[in-house]
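Each chain gets a letter, A, B and C, in the order it is written, and its residues are counted from 1.
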């Protein structure tokens, strides 16, 4: 029974990872860029949200409404002034540029917000939980999982069913051929790995860590890494890739 | 106002076009034209500059503005996606399909960016599915599951769904079985009957002669022979194709 | 009309002769340090030598073999741990244990390469980081290695300070000779041309008969051993190793910073970068995060605007290589 509980906790943890992974998957899929600073930008936005919470009396949901436009602005600046300049066949410039940005951001955040743990004012959501049969499930992780699911589905739909999405995938598959088919390569940079692959990968990682943690408290994270290496060794094209 | 182009006015032409890759010059003053609805083939050995020529015309390689004219207006150096919206499309060498996308999604990308909406132009998915029935069957399959010939059909359909007035075809017979090549070339007359001018870049001289009204032969970045496909003798072609020193084959 | 009397191929240039002489002087200076320098200065020299070696190995990987690794700390850590185990648990002479400890990175490098070789560019980089983290977490869970608390090299107390310093400077000289000298030798050998071709265009190089896969494999293993060598010396000088320090991703960050700032794809670049980093660290390290912000931004700016780094900028002023790898035809009239 405790293994089943570990799997549930793992899936919920995976929901959080999936949200992280989604942006990464999109960026890598479209521009073939591994953005090392992705996590740092995420933390930066979280810290801005925490600071705003002290100033704006809008509540935690209102905070999301405020933070999303800020996130869009940060993303646009990042894209316009850094990423667009390092996109290319050679992965090194983008890796180095985002690495430098990551170091700078981390330390900037350390200067501004110090190293203390911060949290939003508790509205009860964070600690609320409910019981399903013999299992206790946290409300917040469930909300996170649902959000991850909706976001992944939404992004998948955009890529699949819209003109923009198709252009994006075409450009990712073959930028020049996309231009020959009328897609403006400046408007769309480069497609799409598997969005659901990122979601599934996040779940597998979450479950592996939760199960590992149950076996030995020291092994949790290691289990995640080992699963990653196992996938590399057996299916380097990714969990969701189709066999040719 | 744009004048209606008919008769002897070329829809696409090049004038002393030079070009190449970076420091490497591959084209030395190419004069070329094609009339509306005409089928013109461009033959030449490997490395003669045929693909470079198409890429230069299509805005994939830098050329001076005056070197390329489309419907009488200078368009040299216009980026490929703008050429598409003006009515020039290309079937690239090696097909270059969007892997990971289905047959129909590949077509949709062209429809999304075409000169005219699907219903208003000459070409619709249904018409192409009639032309290549196998594609209707496989419309929901990823393109990487298709055979080489079927992929070539998708590449041609994709280009036609851009609703072009001029279609540039780069070696569409390459690597295909003779039976499949015949199937693919069988649609050339239908395309030209729809009013679309076609430039066929080919290595196979016999195929190129049979399919076209006129032909150009290229050697080392220059046009060495041009004329009506029926009038030119095999010997003349051999001389132009391989160069003077190899004239006797 | 003049006649050509003699033709010969030369690679030496005036700048390279000066550089070689300076290099020899620096090496002699390094080895004699215990007799003229303070212990503090010797510690600095050891650290600097390790930085140069680690950076040069990363340069060989990323700058020539096209293998961008962010997990070189795996080799630093395993080699350090191997040294501590050999010297402390098996009673091997610690200075003899340094070369023996290089077996560990060599052994780790082989499966790592075969696991990751199918991955291109960014995937490869992520893979190396995951391997390094997995090794770190694995070692943190081994009780024999004292888990997260790490090991201490108590056997070093049997040697006097002077003895230790003499051994350290000799090891450092060997480290520089093998990493810098080895890279130079490699780049001047027939593999050098292949490597340069590979860096510029792997596909074209493969079509010209260069066995890209094999060459990459050898370089990956060689770089692992070279990096491990520096790791062993570094942690022997520290007398302590923990999983958190030995497998610190900081090692990868440092390599990237040094090579990018100095100039990627040039031996000179790694040396210049290491010197800049070392002295910047001494001068500004006390400013903590503000210093690191500048460092990060500097890396970003170089990636955006000056891909050749400091060495690339110097090259624009005039071609004066310290380690010429190109051949030059000399015509005497």
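Here is the rule we go by: a residue touches a chain if its C-beta (ideal position, glycine included) is under 8 Å from a C-beta of that chain, and two chains touch if they have at least 3 such contacts.
The shown structure was predicted, so the numbers you read here are calculated from the model rather than taken from an experiment.
Contact with subunit A and subunit B alike is made by no chain in this entry. Looking at contact counts per chain pair, the maximum sits at A-C.
The most central chain, judged by the distance from its Cα centroid to the centroid of all protein Cα atoms shown, is A. Measuring from the averaged C-alpha position of subunit A to that of subunit B gives a distance of 43 Å. Distance between subunit A and subunit C, defined via averaged C-alpha coordinates, is recorded as 33 Å. Separating the CA-averaged centres of subunit B and subunit C is a span of 52 Å. Looking at the complex, you find that subunit B touches subunit A at residues 58, 60, 79-81, 84-85, 89-90, 92, 96-101, 105-106, 108-110, 112-114, 142, 144, 158-159, 162.
Note for the complex: subunit A touches subunit B at residues 163, 166-167, 169-170, 173-174, 176-185, 191-192, 242, 244. Residues 28, 32-34, 82, 85-86, 90-97, 99-108, 110-111, 216, 218-219, 221-222, 225-226, 228-229, 232-233, 236 of subunit A touch subunit C in their complex.
By the touch criterion given at the top, residues 62, 68, 70, 115-116, 118-122, 125-127, 130-131, 133-134, 137-138, 140-141, 147, 253, 256-257, 260, 264, 288-290, 292-293, 295-304, 307 of subunit C touch subunit A in their complex.
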